Amino acid sequence: MLLHLLYLLAIIAEAMSGALTGMQRGMDRFGLCLVGTVTALGGGTVRDVLLGHYPLVWVSHPDYMFITIGAASIAAVGARWLRKGEWLFVTVDAIGLIAFTIIGCDVAATLDVSSSIVVLAGAITGVCGGMLRDVLCNQIPLVLRRELYASIALGAGALYVALQACGVAQGPASVIVLTCGFVVRMLAVRFCWQLKVFTAADSGGAG
Amino acid sequence: MLLHLLYLLAIIAEAMSGALTGMQRGMDRFGLCLVGTVTALGGGTVRDVLLGHYPLVWVSHPDYMFITIGAASIAAVGARWLRKGEWLFVTVDAIGLIAFTIIGCDVAATLDVSSSIVVLAGAITGVCGGMLRDVLCNQIPLVLRRELYASIALGAGALYVALQACGVAQGPASVIVLTCGFVVRMLAVRFCWQLKVFTAADSGGAG
Amino acid sequence: MLLHLLYLLAIIAEAMSGALTGMQRGMDRFGLCLVGTVTALGGGTVRDVLLGHYPLVWVSHPDYMFITIGAASIAAVGARWLRKGEWLFVTVDAIGLIAFTIIGCDVAATLDVSSSIVVLAGAITGVCGGMLRDVLCNQIPLVLRRELYASIALGAGALYVALQACGVAQGPASVIVLTCGFVVRMLAVRFCWQLKVFTAADSGGAG
């Protein structure tokens, strides 16, 4: 299934991005693997803990963890080369964001929750991995500061839920959302779209 | 019901305080809404996850989330004015702290746990939202450093449980605890009461 | 039972280490008790939340919390002396790490999960308390940066699971793992063994 393949691609990309961030903070090999794994699997874990949806994905499929650990290790060894392929990363990461979001919506849709929670569960799956990475690396989560990252996850989730509510089947809906979400995300990165950042100056505070 | 009204007031106040903190850290509009929502609903979420009490409040009542998102947005736009009304904030926040604590105790009391856990569940509800806000904003949680904030939550919870153990009904007990807790909290703010801060100097460490 | 005794020793040591870390960050008395308690009981809590294993240990045994609060308070008062006995601490902490890991494996083994998750649950129990302590104190978790701490927890867990798979009873397996794990940990501290730290220089990044 397409979505499963994209999921694997996404956790590999996220694990590598986690490992690269950890390297910039002087973590050891174990730390890199852990941050990589948390980045890749953290979004789904937060979603499942919040929804009380047990067992967690990686508890029933420990092999996903081995994949992320492997990806993080490879990233640590090949960092010099990976940095040159930054655009490849951004691309895979964008696919991953949307794939995670769709998967998150699918999981929540199997439970007895309202549509807005389904959309939110999708966005949490897409975004929370990176947020945990940033907390572990002791920096303000990027997602709270930059680019249309979380907004795109929310938008993609809303579109996915809306399409299904209009009678579009799961398969076509996934393809449509993936395409639209990916294009918007790449445009956002390319043209540095971002939401207005409120600063202390705006608020007249001392900051 | 009084407590429900106070709860709404409290989540609005907390969402605004979260948004104002986020602004000082240069977050974008989405970040502000998220930090505001986490500040307002995080305490109850932590409590319910720790107690295994599903579904979470905001999963079954997504409308609370829309309220906090709205409050955070308003705070972002009106920050200049809100800062001038700081005392209003502190007042509403004090009411919210006690209201959250009472509600947290009520939730835990419906489960099969000991009295000390009921008190703790109340304090967690009152305090953890602000703690999550500070972790997301990359600062040491204020509650760990300043004022009689958490102590008041614990004290209010203990009083509430004790009153009910002595046969006072839930309604009167809530009113008594709200009044006492609010007064003590405002006095603590006014006179800068605080617990002794232990510093590296005390411990002879290098710090 | 030996393991229970070691568990008590371990939570006391961890609570003290949490309190001492909090002191270096200027926390008040409440903050110290909270950080101490989170350090001591956080590992098991993270494990149980991830595995959906309710009620949590400290919910059904609130007395453990009183023990950790007491230990943190004593640490705050006696910090000057405790720092002189640093080696005692490192020793007790090493025992605690292995004891936590064994207990974590035992808990996970009662659930229907694969061996790799049992090992991981052990390591999470041993390591996550310290990680939460560092996040609350706003520093990059030490465990991600230094020494063979987490690796030893993983190794101890793997050895414990392997021994039992080979037919060794729980009691002897515990003793063997405790001894080996303790010795390796003390050697790691003594000779500053550590995993290679990847830095921005390695990766050619600006870092």
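For clarity, chains are labelled A, B and C in written order, and residue numbers in each chain start from 1.
Criterion: contacts are C-beta pairs under 8 Å (C-beta built on N, C-alpha and C of every residue); 3 or more make two chains touch, one makes a residue touch a chain.
Quick caveat: nothing in here was measured; it's all calculated off a predicted structure.
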item: Category of the chain touch graph - line, ring, star, complete, other; value: complete
item: For subunit B placed onto subunit C, the superposition rotation in degrees, Cα atoms, nearest 5; value: 120
item: Same-site or different-site touching of subunit A by its copy subunit B, using the half cut; value: different
item: Centre distance in Å when subunit A and subunit B are each reduced to the mean of their C-alpha atoms; value: 29
item: Subunit C, residues touching no fewer than two other chains; value: 49, 52, 135, 138
item: For the subunit A and subunit B complex, residues of the former touching the latter; value: 49-52, 113-114, 116-117, 120, 131, 135, 138-141, 143-146, 150-151, 194-200, 202-205, 207
item: Residue numbers on subunit B that touch subunit A, as the complex places them; value: 20, 22-32, 34-35, 45, 49, 52, 54-56, 59, 62, 65-66, 76, 79-80, 83, 135-138
